[in-house]
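Encoded as structure tokens, here's the structure I'll be asking about.
By written order: A, B, C and D. Residues from 1 in each chain.
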Amino acid sequence: MSGSMEFLLWTKGPMFDIAIAIFAIGLLVRITEIFMLGRKKNFAEARAGEWGPGFRTMFTRTVADPGTFQRAPFNVVVGWVWHIGFLMALLLFLPHIALIESLTGLSWPALPNPVISLVTSVTLVALIATLVHRMTHPVKRRISTVEDYLVWAVVFAVVLTGWLAYYRLVNPYPLVLGMHILSAEIMLILLPFTKLTHIFTTFIARWYNGAAFGRKGVQS
Amino acid sequence: MSELTLERGLAAFRAEVDGPVAAFFSSCVHCGICAQACPFYLETGDAKYTPILKLEPLRRVWENDFTLWGKIKGLFGLNHKVTDEMLAEWEELLYDSCSMCGRCSMVCPVGNDLALMIRKSREGMVQAGHAPEGLIAASVRAIQTGSPMGLQWKTLAVQIQHVQTSSGLEVPVDKEGAEYLVLLSSMEIINFPEYLEAITKIFDHAGVTWTLSTQCFEATNAGIQIGNKDIAAQLVERVVAAAEKLKVPKVISPECGHAFTAIRWEGPNLIGRPYPFRVFHIIEVLDELRAAGRIKTEGMETDRLSMHDPCNLARKSGVIQQQRNLMNLVAENFVELKEHGKFQWCCGAGGGVSSNERAEPLKMAAFKRKKAQIEEVNPERMVTMCATCRTQLEEGLEEFNMEIPVVGLTEMIAEHLVEKN
Amino acid sequence: MAARKPTDKTLGESLRERGVSRRGFLKFCAATASMMALPPSMAPAIAAALEKAKRPSVIWLSFQECTGCTESLTRSHAPTVEDLILDVISLDYHHTLQAAAGDAAEHAREQAMAANPGEYLVIVDGSIPGPDANPGFSTVAGHSNYAMLMETVENAAAVIAVGSCATFGGLPAANPNPTGAMSVMDLVKNKPVINVSGCPPIPMVITGVIAHYLTFGRLPELDAYNRPMAFFGQSIHDRCYRRPFYDKGLFAKTFDDEGARLGWCLYELGCKGPTTYNACATMRWNDGTSWPVEAGHPCLGCSEPKFWDAGGFYNAVSVPTSASGMNVLAAGAAGVVLGGAVAALAKKQTKAAVAHRQPVTVEELEAKL
Amino acid sequence: MSLLDQIPVVVENGSAAPEGDPHPQGYGNAEPVLHEVRHALARLVSTGETTKIDLKAMPFGPGDLERLLSVLGTGEVQASVEAMGPTRVQETAIPGVWLVDYLNSEAHRLALHLEIATVPEILCPQPQDLNDAIAALDARLNPGRSDPPLAS
């Protein structure tokens, strides 16, 4: 007997354990690789410290410089919209907070569900826009790999199934909730092995960037 | 005789992979924003010039040899290897179409320092025997003759003679214990001899003790441009030896961009030890003298002036405010280019592109970005502080029939010095 | 009660015989429609069907169960149920309710089966130790549950599984399922099986399903779990009067906070309403008085498969059933070790590469010119 | 639709809560039912179609039914039908909207309907009973006669 509820319980039980284990092991492997490689000692006289500029760049790089915004407004705006939408839905939707609390004991206030559902709808539209952009813009077409499309599909599936589950547009509900959880688990599993790693490593990369420029006296 | 091979190249690529490289490649999401910062892509519209794509060889080495996932893929033969053919194809991307201006490093949303990785990639390219002929020739000349252009002291000696005659001032040579050792670039000596006369006047005016060294006058470093530590380190060692011999506490890098980053930031790491002296760009020194009140000027330039920040000086070395202070000292009608300072646009000639003859068409294409910037503010003259940039600006403006003279900032300051009685 | 051949009279006739007026019949139909969760506009169709419906013989089998389902049924306050159970249907065997015992009781069952082959209904509550389990785990009159079930359904018209044990295995089948308990639909493959899940099911739903069968003479529309759509077609969440609070993001955080007092959504307190399909929100319990959510307690999801094994009753639906923060930490620690090993190896390689790095010479470069 | 305007229904305040109601306006399920009633009334007016709404099938929370009934109010007509226990019919303050409460002989509620009709169905004589009406009356007029009278 394998119905929708059994499927949901499988995604909430054994599959979740597998996914979270692969995610945690894989991600820590990745981050350990980076830090173990480290940097060589720098003998050049520094103009400024590395930590301050490094931390600043970790945050400031989130906002594009005005020139880049003018030259690639679509890239910047759509990228922003869907990232913020995804993060809001991930971190400020009550069921997700309950999940995080069960794993970590940490919790925070949620946004009202209609806000989240609106944000998710906008995110879906923005994600479709990014795909169209990737398939049509000459640079993005040229540099895109199978992985880019795979990752897009997984991220889109996570948001779409979440949206379908929220509006209960697929019956029975445990089926669509299970699909949502499963797609999120696939995303967790893929995360350490694809560009999704940037969710974590971008802050390391930005720090290195900010530190390298910072010690030369430029806030990058 | 040993030769440069793919294997040596791959080993060199591997030796360049460190924490930042791993973090950068782990983070790239293929958003393509770097292309929007690259004059070579923007002015040709060819997507192969997207900066991150230029780094594909290094990325493959990283993925195959430094990630668990890459090793697993390798077990099943699923990884993409770096081949000799690939490197041959990438030679154009890593040299001809990149001036290492670092603008992409400033805009990458995930914080990748792409220019750093280009520099690292060139190490592998040289070892694999895939560097452009022009840069190889310049490197060989630099090692063999002391100058990438094959210039010798006797040519400089003639210049010194001219300067002394026209200024009536002494050009100090091999003066032990001077405060500053002044380095020059071959291009300056040949194209812009005014520079030597200008600093002679300014230092005399400000009462600075300085000297040239017959042992080493060349500041430029072809090894940095081609991307080889061994060549670069030898060239740096010459400067260090000269400075140590003359016991100077400070060394001045001339109006040349890469020479400054080479001696200032890479040098100590190339030789593996800190310097016993400090390194300054001439603009830094002039601004310090200005701040100390040791430079007195009279009269102002009245025409509409704008300024080109050399990438190596501004974005890559943090010298941004100094040249503006000096401009304001002598120019009353100074207008900034729209994007300047750390967000300035490259002239298109840096990073060895100007020494790489076959890259000439790309170099001129990339210049169109600078040209558009200049057209926007429509100055009567351009001011800059890098001989390579200055040459490129002059050639480019001439190519497009724009009658805008280019002047060096140091010379302009020298022209306004208050005459001593 | 003795087994008897069902009369040839239709239900309509037998009601009128008992002096029910046409207005009374109309009222009966209205009540029946309400009980079957059908709209009032269906009353004429019900009236027409009742004019033709025959009384079926019913055999009720109880296996590994707690009698809660029977208790629920007999506490049904739907007032027509006495008529339905005692008069309208012919309940020929129910070992908890019937007066007869021992051989007489078993005889009644056999008689009912023999008298109405292919026409009698079998109602089952409780789960059944499967064919591979020790048959001695649960027996009635010396027959294993499995043997009795298979024998009884052989000539039945349909089987109605009542309660979560009969429908999904329920508590006996919960991990580790010591008796190898199985559900009716796991075992009965060649007869229609209608599932009326719940622990216990809403009494009105039990009688409603029986009423539907005997009114229309056919099975109601069923969902993927063979449950009647009329009662199980919508989730608790969709019909919950507290749903507007969910939609507005107003949640009770504890059982005694302000939100709980104001009747806000119980999602965070573990309500399984979103994944649970049942009619509690409209039919309610205790004569329509209230139901768990109205009483301030989250839905346990008792009418869904594996509800005993679906994680804590007081954990939100989104909370995984097994992983804990410790698992994540352990996996992370393993990652650090593994990553460290890989990186150390890579670093060793790099060091070797740097150490054996052959310096580039001018001669080598010249050779390229 | 001009007729509708004359009907004094104010559904906007439909969920106007009883005193001390802790819920903000707009909560509860009384208001949607009132809108359903409004649509049913429109149908009754334009096409004569009647509607029955099973209130027991509504996902009412505490107080919802009371709120609904307090909005509908009490009208002029009350009726009671004795058949399989009592059935109480109450006209609401909205003409055409009736509350029909079906109870069994033990006064347990079988069903609770809102009926939107000129007259609730349960009050009307059933067609088959009407067919037998003359015979029934004749039987009372002439208790002795056995031959049927002429049909009207």
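We adopt the following convention: a contact is a pair of C-beta atoms (placed from the backbone, for glycine too) under 8 Å apart; a residue touches a chain by one contact, two chains touch by 3 or more.
Quantities reported herein were computed from a predicted structural model and do not represent experimental measurements.
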Centre-most chain [mean C-alpha coordinates]: A
Selected pair, greater C-beta contact count between C-D and B-C: C-D
Distance between the centres, which are taken as Cα means, of chain D and chain A, whole angstrom: 57
Separation of chain B from chain C, taking each centre as the mean of its C-alpha atoms, in whole Å: 76
Chain centre separation (chain B, chain D; CA means) in Å: 92
Centroid spacing, where centroids are CA-atom means, of chain C and chain D in whole angstrom: 35
Chain A residues counted as touching two or more neighbouring chains: 26, 29-30, 33-37
Two or more partner chains touched - positions in chain B: 17, 66-68
Residues within chain D bordering two or more other chains: none
Residue ranges of chain B in contact with chain A within the complex: 17-24, 26-33, 35-37, 41-42, 45, 47-48, 50, 52-53, 66-69, 105-113, 116, 264-269, 272-275, 278-279, 314-320, 339, 342-343
Interfacial residue positions of chain B with respect to chain C in the complex: 1-4, 8, 11-12, 14-15, 17, 65-68, 71, 126-127, 129, 131, 133, 136-137, 139-140, 143-144, 228, 230-231
Chain B-facing residues of chain A, complex: 26, 29-30, 33-40, 42-45, 47, 57-58, 61-62, 64-65, 67-68, 71-72, 75-76, 79, 137-145, 148, 192-193, 195, 197-198, 201-210, 212-213, 216-220
Complex contacts: residues of chain C adjacent to chain D: 20-24, 26-28, 30-31, 33-34, 37, 39-41, 43, 77-80, 239-242, 244-245, 261-263, 281-283, 287-288, 294
Complex interface listing, chain C residues touching chain B: 338-339, 342-343, 346, 349-350, 353-354, 356-369
